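The chains carry the letters A, B, C and D, assigned in the order they are written, with residues numbered from 1 in each.
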Amino acid sequence: MGTLGWAVRKIGGALVVLWLVATAIFIGIRLIPGDPAEAIMGGPGSQASAEALAAARAEFGLDQPVPVQYLMFLGKLAQLDFGTSYALKRPVTEVMAEVLPKTITLALLALAAAWLLALLFAALAMRANRFGAWLGSMVEIVAAAVPHFWLGAVLIMVFSSALGWLPAVDNGTGAGLVLPVLTLALPLAGFLTQLMRDSLATAMSSQFALAARARGESRLAVFWRHGLRHASLPALNLTGWAFSSLLSGAVVVEVIFARPGLGRSLLSAVLARDIPMVTGLALFSALVYILVMALTEAVERAIDPAGAAS
Amino acid sequence: MSRLSKILAWLFIAFWALTALAPQLIAPGDPLAINPAQAFQAPGSEHVFGTDESGRDIYTRVIHGAGDSLFIGLAATAVGMGLAIVLGTLAAMAPRWLDGIILRVLEALYSIPSLLLALLIIAFTGPGVGPAIIAVGLSTAPGYARLVRSQIRTLKNSEMLEAATVLGRGTWLKIRNHLVPNALKPLLALVTLGIGQAVIWAAALSFLGLGTPPPAPEWGAMLSAGRTYLHLAWWMSLFPGLAIVVVAAGATLIGRALGGKARTI
Amino acid sequence: MSTESHPSRQEPAPLLTVSNLSVSFGADVAVQDVSFTLSAGRALALVGESGSGKSVTARSLLGLSGGTVTAKTLRICGHDGLALRDREWQGIRGNAVSMILQDALTALDPLRPVGREIGDALKVHGSNSRAERHARVIEILQRVHMPDPELRARQRSTELSGGMRQRALIAQALIGNPQVVIADEATTALDSKLAALVLEQLRELKEQGRAVLMISHDLAQVAHLADEIAVMRRGKIVEHGTAARVLEDPQHEYTRTLLRAVPSGIPRFVPLSASSAHAAPAAAAVNAEDPTLALRAHNLGKSFGSHQAVDSVSFELPRGTTLGIVGESGSGKTTTARIVLGLQKPDSGQVQLLGRDFAPGKESERRELRRAMGAIYQNPLGSFDPRYTAGQLLTDALSEGKSKRADGGYRDGVEQLLEQVELDPALASRNPRELSGGQRQRLAIARALAPKPAVLVLDEPVSALDVSIQATVLDLLDRIQQETGTSYLFISHDLSVIEHMSDRVAVMTRGRIVEQADTAQIFGDPQHEYTKSLLSAMPRLR
Amino acid sequence: GCSSTAGTESTQDATPVAGGTLVYASGDAEPSCLDPHVGGNYPQALVASQYLESLFTKDSEGKIIPWLAESTEVSEDGLTRTITLREGISFTDGTKLTAEAIKANIEHLQDPDTASSTGYLAVGKVDQIKVVDERTAELKLSAPDNALLESLSMPWTAIQSPTALERDQATNCASPVGTGPFKVESWEHQQAVNLVRNEDYVPPVADASRTQPTAYLDGITWRFIPEAATRYAALASGEVDVIDNAQPDTIATAAQGGPLGHLDAPRPGASNRIELNSSKAPFNDAKVREAFIRSVDVNAGITSLFFDTAKRSYSLLSSVEPLGISDQSLFTTDPAKANSLLDEAGWTERDSAGYRSKDGKRLSVVFPVSTNQSVPAEQSLFEQFQASAKAVGFEVKIQLLDLSSWYGALAEHNYDLVSAPYTKVGPSVLRILYHSDSTVPAPSGYFANNAQVKNPALDKLLTDAEQTNDEAQRADLYAQAQKMVLEGYYVLPLYDQQNHFLYGAQVKNMGATTSVSSPVYTDVFLAE
């Protein structure tokens, strides 16, 4: 399959997925009991004025038959027009332009940190004795089982309040990123290590590793040239999932560490029933996910063009 | 799975089952009984896990909270798994076009991160235990469904099934004797792994104030209350947090022992 | 040590001196008191059944045994192997002594370009530049007759055919210009034409003045290359001598067993293994007079996309006889078998079983007929439900899927089947994973026999087994045919096996049968060019 | 506008040094508009007090004094209020402060497009504004309003540049322009509002003790950190200088010594209280209301949850309101009495869960709680009420809701108990909260009379109290009104509306607040 064909198929698939998400949201809005205009404006509690309701009706074409409404809805989305957040009173795209980079930065840093930690841990586990290996696998499993919201609080307690080493909130120096990134990265690192260790062990005891040793390579060289590559594949394969779980975790982490971002925006949008905002954020996170998936797939294709590992 | 770890696994399951079903056997107190005079007691001989801001015994609450927390986790996994088995089997057995459609739908579900999907659903349904279960269930379904699908597809094309064909087995016999039992085992492992994660996500929703309402002793909700007093009463956060970790890690261990991999959740 | 200088032919200095080498893994002693010497320009073959310690011996010579090594002497190109530290070993490996690993499929990293894998050996030992390394890689690939080396160097091992991989492995072992080359089962997985090519390359090495340590379980493979042969069994060398002496006048009983197990040139129904109970040919047991054909395939055709995998294949299989299908890898043998079994819908053609239409057709219509045809695969494990024990598998087969309770009413039937394939009934409670390769294949045969089929389709049934085990399985198949009159459609890439087992032989290449005749005719007087080329590559003991 | 009011431990030490940016961490939700005219809630007042000033303010004795206004007088009939402005004051956009500004601001508040609620009610009686000359404006009232100056002292009616008000609402929300010691420089949404010193600030009331007329601080970074523990951790580690919505336990820690300073500034207006919806069963029966109030043990909860940082209130009004009366005897906990009251009221049966019931209907009350408005300690207090009310047979269903759903529940009358804060300067808040007019939803949908008190006699008392010119009579009328509400058991007072700030040792001169107890930072400086 050529790269161009692959890209075309990916883009087509992505559009279909986005369309499905949008459709689901459209149906969701219709399913909320009561006046859909009011629902869009945040439900009865929003105390939307009559004018605001009329504006929403016009904007979403609520006086039109449902198929027309649907087409209007899709048409707007296609033009990247997500409307105005009634809660923030700002265009949704503007808010997203603000929060998306922040969350993506956080998630990417956490992803990188998790990878590093996992590699380090997997490499250490290689050298460990039986007890060490057992202990290592316990640590991984426990790490993967720790909820973000708990870990974040504990890290703040220890490193910010008690020791005073790291800031609990961002002060613009980047030091404020350390704790949130760790909070997101540790559980993920636990997951990744579990995966990596298996494949690392398999790779290091494989015939090709023996072959590499037979041609005079040191154990460390074999680890770098072969072990890592094989260990990273299953983890890479999971990167799309990992990224998505990081976006989930970001909701909690952004709340705890008072960071602006997609997760916190979505949470407050959900709390305020801010449907335009919710729609925009959901579609954008789907888009981000699709991009990340395509990216990891591209990397996988580079590492393993023949799909030997799958 | 070694004998010892098998026994440990069963003990673990039995303990939590007992805790969930008959908490008063392990913690005879009333998890809702307040006693303001006893508020913020540190763990000690009287209150092993300490007390919370209303003087409620945290040990009692953690034990009595198991029912709620585990129920949500189990119910969410059941929802996710049920959906996944239907969709995954359908996709695996269906003609290519239908398989394609189901895969797209799954991808659409998958493309929104779990907690965001849960939030999205709650945006439409409002908060509560029911929506939390559906939300967590739905958000885990696509991962399971893909696995079910690939599992059944692999089995469908396996030499094992070919051998059964050559031996003259009919479709029904092949499904009953080989397809279903062989697909089920890894799923069981996965479900076990998944329950741990579902418990965590459900707790996260409670933590965000979108799950179980107070004063029910659900772990996520307890943590949510405890974090306010992190500087005063660390034990309020520690023990419910530990309960979640123990359940999730235990589920992972059992799942792995059953042959599961830590993926697709 | 310069490798460009040609050591004198007259007084070959020993490059390898091993005496009293023992390797143990914990309490298990894998190699015990092995001694030999090997000089430049000579080839020593280590021969023996699976697990006899050949690979472990070889790996010890590189300091990679993985176990505890003790020896009186272990000299490798002038180095004392017992005193070397890991870093010093690294300086020798690939440089003074190199090894072609046993399994070509897995001995190259599937994630890295083959050229890089080969070049790494240079990187370790010299400070060649990238370009220089690349040039050397291409040069060495040309030397091992790799087609289109520039392209292949860029590809990963999964994109290479089995023969190409084997050549890449040889290139990797040669690029460091080693004095000693160890080839561990370098030809086993290859069809005869490729195997001949590889043997030719090993011969070249020997002629260049290197020492070659060749490892195989097949005496026929080594017969024409080795100067000396050492026969190993259970970690010990049981016989050691010049090639001619060992092959012609074997002293040890085990050597004789091994020799007899090579099927080429042994007439039909003559047992290959000593343990086989059945005696000489009851030759005419074949009821050739039976007018109905067991199996008839007419004009089968199947293409995958634009690739014609099977093309107008027709054959007939009389009752009680064996039709052998032989051909190189990818020639369409398996596809033909699958069409015959009704597992793959052909594009054209029909299959008749016992005179009745079998394929193509509706599965429900042929279900009745299915009992008359069984199948045996190369890897039986994949065809067993992993949850079933051996006994349950057989019960399932006997009860037609209605029961898997091993202690139910089918108990006697199960025992009979196990007896029929010469398996200990005690094995019934084992999971097939806990059985050896030969035992698994016997179990597969037992299962196939449960419905008392008229035809068995056997696709490479012994290719995964080493010669001695292969011999016992082939003997079993012979015996069953004689006792039950079952017809065999026997597929293999191994000419000697086909020769021994078949009444008639069909030779396939590129999806077509190019020649079809009685076995004697094919092997004695081949007509088609392709057949001739196949036969000329066939290693022969006798 | 300002003078030190309730600051308990304000630090009047050291010589002020200019410079430095103070980091303020707010636990409130980030306002969607920085102009407190729009909507009008307390978080807006907190931040707006830094860049906007009002016509009047309150002195340390709680007396209303002119601020941007220089003087004011009211006509004999109470229907014309004349306000004269000070000279030499300009808005930060350069516009001069003139009488036009008063007209523009009050009209802005009254414009439905502004969607003001708090400020809108405060100037509800102003019919017309007449600009007499550059510095003088005349407000024509529809009825006498002796609370008008109190109303005009609040940040929600603060004076903004008329030029700036002409911009569209979104722009004005992002950068309101006032006369305050700071001005809005930028707003990084979800993160911080950046305030910088107004270099041309002219203090309306000169203070001789100051070394410079402008603020000492270069600016304030106004951050939003909703997590209480994180906020406190940030303060403790010195990342932020001041936090609001401090948790009771951390306040107690600070009060016991240690480096942190504490500013307790209870809000004026209503006390923090639970209102009982008297418009429907079961609380349409005064006996049931009393039974509920007698059943819950408020004091024990306050002691344990608030660590002595909150004092029990038995009044409808804040302790800073001089006209508030309280009656402890009405609110003593007495489960026995509660039980007998319920028996009398006919809730005699008990169902399997132990709750009382009548005609098969359970004695069940719904209590929507806004998580934005009730701090965790208060939520815990409510949980304790739930537990102690259960003992006498009440089932209290607490619903933790976000603000929007909470408003929704109220709008749909889907509540029996509710705790809704209301801040307003002066006792006239009583009219807003208990006049029957307030049971009718405003155009915005909100009604302030959550107890649903509909009593013509009370209505008359409240109207008269607002129109009299006689201070003594005013006090008497308000006392009668309060008594009426208290004795009707419509309300369970808890404590003052808590307004606690903690600040690091480096923060000096904290203490000055506006009339609604929001701190101002004109005098505050950061010690090295």
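What we mean here is this: contacts are C-beta pairs under 8 Å (C-beta built on N, C-alpha and C of every residue); 3 or more make two chains touch, one makes a residue touch a chain.
Just so you know, these numbers come straight off a predicted model, no measurement behind them.
Chemist: Taking each chain's centre as the average of its Cα atoms, which is closest to the average over all protein Cα atoms shown?
Modeler: A
Chemist: Return the chain pair with more inter-chain C-beta contacts, choosing between A-B and B-C.
Modeler: A-B
Chemist: So the centre of each chain is just the mean of its C-alpha atoms; given that, what is the distance between subunit A and subunit B in Å?
Modeler: Centres of subunit A and subunit B (C-alpha means) sit 20 Å apart.
Chemist: Would you mind pulling out the distance in Å between where the CA atoms of subunit B average out and where those of subunit C do?
Modeler: Roughly 49 Å separates the two chain centres.
Chemist: From the C-alpha centre of subunit A to that of subunit D, how far is it in Å?
Modeler: For subunit A versus subunit D, the centre distance works out to 40 Å.
Chemist: Roughly how far is subunit B from subunit D, centre to centre by C-alpha average, rounded to an integer in Å?
Modeler: The separation of the two C-alpha centroids amounts to 44 Å.
Chemist: Could you list the positions in subunit A whose residues touch two or more of the other chains?
Modeler: In subunit A, 153, 156-157, 161, 255-256, 273 touch at least two other chains.
Chemist: What are the residue numbers in subunit B that touch two or more other chains?
Modeler: 227, 230-231
Chemist: For the complex, give me every residue of subunit C touching subunit B.
Modeler: The contact residues of subunit C facing subunit B are 341-343, 363-364, 367-368, 370-371, 373-375, 377, 379, 382-387, 396-397, 400-401, 404, 447, 451.
Chemist: Could you pull out which subunit C residues touch subunit A in their complex?
Modeler: Counting only subunit C, the residues touching subunit A are 59, 62, 64, 86-87, 90-95, 98-99, 101-103, 106-112, 117, 120-121, 124-125, 156-159, 169, 172-173, 176.
Chemist: Which part of subunit D faces subunit B closely enough to touch in the complex?
Modeler: That would be residues 227-229, 232-233, 236, 247, 249-250, 253, 297, 300-301, 303-305, 371, 376-377, 379-380, 383-384, 386-388, 398-400, 402, 405 of subunit D.
Chemist: Enumerate the contact residues on subunit A facing subunit B in the complex.
Modeler: 13, 16-17, 20-21, 24-25, 28-29, 31-32, 141-142, 144-150, 153-154, 156-157, 161, 191, 194-195, 234, 238, 241, 244-249, 251-252, 255-256, 263, 266-267, 269-270, 273, 275, 278, 281-282, 285-286, 289-290
Chemist: Please give the residue numbers of subunit B that touch subunit D in the complex, ascending.
Modeler: Checking each residue of subunit B against subunit D gives 32-34, 36-37, 39-40, 53-55, 126, 209, 213-215, 225, 227-232.
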